[in-house]
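Next up is a structure, given as structure tokens.
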Amino acid sequence: MTFTSQPRYRALLLVPFLLLLAMAIAFAPTASAQSKAPNRIVALTPFSANTMAYLGVKPAAVGQTLGGDKRLAPVLRTSKVLKLSHPNGPNLEQLINQRAQLVFTSSQWRKGTQSMRNLGMRVVETEPRTIGQVYAQTRRIAEIINRKARGNRFLSQMKRETRQATAGISKRPKVLLLLGVGQTPFTFLENSWGGQIMKAAGGRMITGGATSSGGFARISDEEVLVANPDVIVAVPHANTRDIPKLIDFMKNNPAWESTPAARKDQIYVSTDNSMLQAGTDVARTIRVVRKQYLRNWK
Amino acid sequence: MSIRRTAVTVTLLVALVAAVVASLSFGAVDVPFSNVIDILLGRDTPGPQTQIVEVLRLPRTVEALLVGAALGVAGALLQGALANPLASPDVIGVTGGAGFGAVLIIILYPDSIALLPVGALVFGLTAAALVFFIGFAGSGGGGIGRVILAGIAIASLFGAGTASLMAAYPDRVPSAIFFLVGGLTSTGWNTLDQVWPYLAVGFIVAAFMIRPLDRLLLGDDVASSLGSKPRTIRLVAAFAAAVLASAAAAIAGLLSFLGLVVPHVVRLAGGTNNHTFVVPVSAIGGAALLVAADTLARVVRAPIEMPVGPFMVLLGVPLFLWLLRKAV
Amino acid sequence: MTPLLEASGVEVTIGGTEILRGADLTLEAGELVAVVGPNGAGKSTFARAFCGLRRPDAGTVRWSGTDLADLKGRKLARLRAFVPQRAQVPNGVRVSDAVRIGRSAHLKPLQGFTADDRETIANSIARAGMVGFEDRMLSTLSGGEMQRVQIAVGLAQGAPVLVADEPTAQLDLGATAQVSKLLRRLVADGLGVVLIVHDLALAAAIADRVVVMCDGRTIATGPPSEVLQSQLIADVWGVEAELVRHQGRSGLHVEWLEPTRAESS
């Protein structure tokens, strides 16, 4: 019995590997020539997209936001939307196709940041977590897109509106702000965006001054009972169409039945992502919270 | 028959080439095939399509090829060294360790995310080293049962560590999950630049271990008679497998299934246990499977990239079951 | 002429117990030496010791004049082939594959088989009487066929000495006869063969010399008819028996049971 002779066999197997190795070396990334096209900017967060829009610069594309486009500035509603997913954020092929030169991203998509830089794009992380950071980053964006003057005007207006929105707080109810509905949800802490908004609107988080790295923490039903919240606001993970049903579900949670929030019918569901991500609509968000949830708007 | 083996090899090579072509041609953005050829041959004008093919798709295809080959070889080496059809890189603790190392970086040092491959490599190799130390040491050492038990214990240890990290920092879990579920990302040549020496070492050592593993087939006594040391063979082969699996995890996260199933598919198709056939052809088969699965993962719900695991299973399991039935 | 193998005073201790307390054996080319002895005498341990599978704790072993300590791995593989008692029968391996594996000891790590090697492989299969079995899976072979394949694997090593540990222990009458004839043919070709056997009658029939072991020592060595006397058998095995040879056949007449009144001698 004879066999296919060994050396030929082995050489056959090496061929594709050598081929690809050669290709890899030959086509190592070359810097693509930057054409003299106008500044093409992609804004992946609602904050950066809206800020740009109000400063009069329309981004080439925006990132898809949870909660749809209700918070987007009207002029952006016709913009190209890039879907975002873990871990890179936007699809890089689509990003390249947009010829993006500058990308405003969030720390969530940090893994994609390096890839974008490798592609020769400038990447700036803007994800404000406090109202103070909103002001600072608005200024920064204005500088980067060369609209300093307009930026300053926009900023003064924002500050004025926020001052008005936080004035005359008479009642400071105790608030439980939840992420997710159902088994063991997470609670927002003071150092989350939702927590900051609550604080500005006069709500007292039942978690007090507790903070964590992400701004969220697990909470048990026992802790809820002890804290006795006056208001419960839930932010579901996904878009829900049946808010009354959700509210009903929460009201019937035996663990929460005895809380003032359940008894006085102050359980709410927040379906846009205004509690999750900072936007340019700080004053509006605070007003909504005061009027609808905390009921301390005169 | 050698005709059968040649047929299997050629079929898998053709599948690999087809998968590579598909991987370069398809994606979230439509790049006509003629353009792809032009770009690869350097006959193009610079623009987004060139960037897409050269900077995103080409490195990713090469990564998928190398990771698939590495895992296929690692599985074949371990199944030969441990003489156990259920052996795979998971069994020697590499996957558990690499997972822990990567999640450690993602969760505790998210600013240094570039260190992720290093974390995976270091802890993958550490886990394997622990398993070898426990499994191969002492007079009862080198016994297959002992190595496998040590592997399960170490893997559980690191798995618990990973779960604890995720529980402590729940907001960073989504990024960690992508790694744990396993998948490639289009990050250019960066990761490969860091990791290729390990792949090279693993492949080279594997090549030298093919004949010694064949000698183990006839039993430890015959292997000794032929001048080999069975314990050394097992240790070195397992070492090569650990290096390959750690490097693969550093690039593509925790991909189970491939290292376990591909060598079996190759054995069933070729009708032989000979490592001279099984090891190299597992490399080709693994590469073909991963490149094909990754292409599907990128294309099926574009622009969202799905995890590659389910597609590997979708492609591999029916074939495996069919071959299994034919063999019985 | 230097003997192919010279072992003297070999001692081996395993796990605190002295298994071999001083064993000797010499082997010349073209002769078949049978090692016999009761269970626990240390026959297998002795064979593994002088084959280098387990280094002896004391004593000297020389292969064609070179000390065992100076022979490593491949060099040793070219001097002797060890055929174990119970071989692993792996799945998915053919007879031809197995014999090739035996030949691989000759090659450097990535070297391919030469025409010479292929010829040796074919020859080994032929000498073991396994022509026509090349494509058979090992798992489909009978006990006798598997044993002959193991011998072919040993032959492929190209060594002048074959050491076989109880090759016929699991075989039936016919297979045992076949393997016996095979071994004598190999010896006639000039190979040196050391055989560990249980069956005294078989040893007497096919061996040129017999080495008797007891309690870890070699106590007698010489042609079978001289060594395997009734007195020695009674001393070593504790059984009354007589070796009988007649017209090319050998047999052991054994007093299995106590003689009863009903039997008369």
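Letters are used for the chains, namely A, B and C, taken in the order the chains are written, and counting of residues starts over at 1 for each.
Heads up, the rule we're going with is that a contact is a pair of C-beta atoms (placed from the backbone, for glycine too) under 8 Å apart; a residue touches a chain by one contact, two chains touch by 3 or more.
Note that the coordinates shown come from a computational prediction; the quantities given were computed from them, not determined experimentally.
Chain pair with the most C-beta contact pairs: A-B. Centrality by Cα centroid goes to chain B. As a whole-number value, the distance joining the C-alpha centres of chain A and chain C reads 78 Å.
Computed from the mean C-alpha positions, the centre of chain A lies at a distance of 35 Å from the centre of chain B.
Chain B and chain C have CA centres that are 45 Å apart. Multi-chain contact residues of chain A (touching two or more other chains) are listed as 3, 6. Contact of a single residue of chain C with at least two other chains is seen at positions 135. Against chain B, the residues of chain A that register as touching in their complex are 3-4, 6, 9-10, 12-13, 16-17, 20, 23-24, 26-30, 32-33, 82-83, 85-88, 90-94, 96-97, 99, 107-108, 110-111, 114-115, 118-119, 186, 212-216, 218.
Of all the residues in chain B, the ones that touch chain A in their complex are 2, 5-6, 9, 13, 16-17, 20, 27-29, 40, 42, 46-48, 50-52, 54-59, 61-62, 65, 69, 110-111, 113-114, 169-172, 174-175, 177-179, 185-190, 276, 280-281, 283-284, 302-305. On the chain B side of its complex with chain C, the touching residues are 1, 207-208, 211, 214-215, 217-219, 221-222, 224-229, 267, 271-274. Remark: chain C residues 51, 53, 72-77, 80-84, 87-88, 90-94, 97-98, 101-102, 104-105, 107, 109-110, 135, 150, 153-154, 157 touch chain B in the complex.
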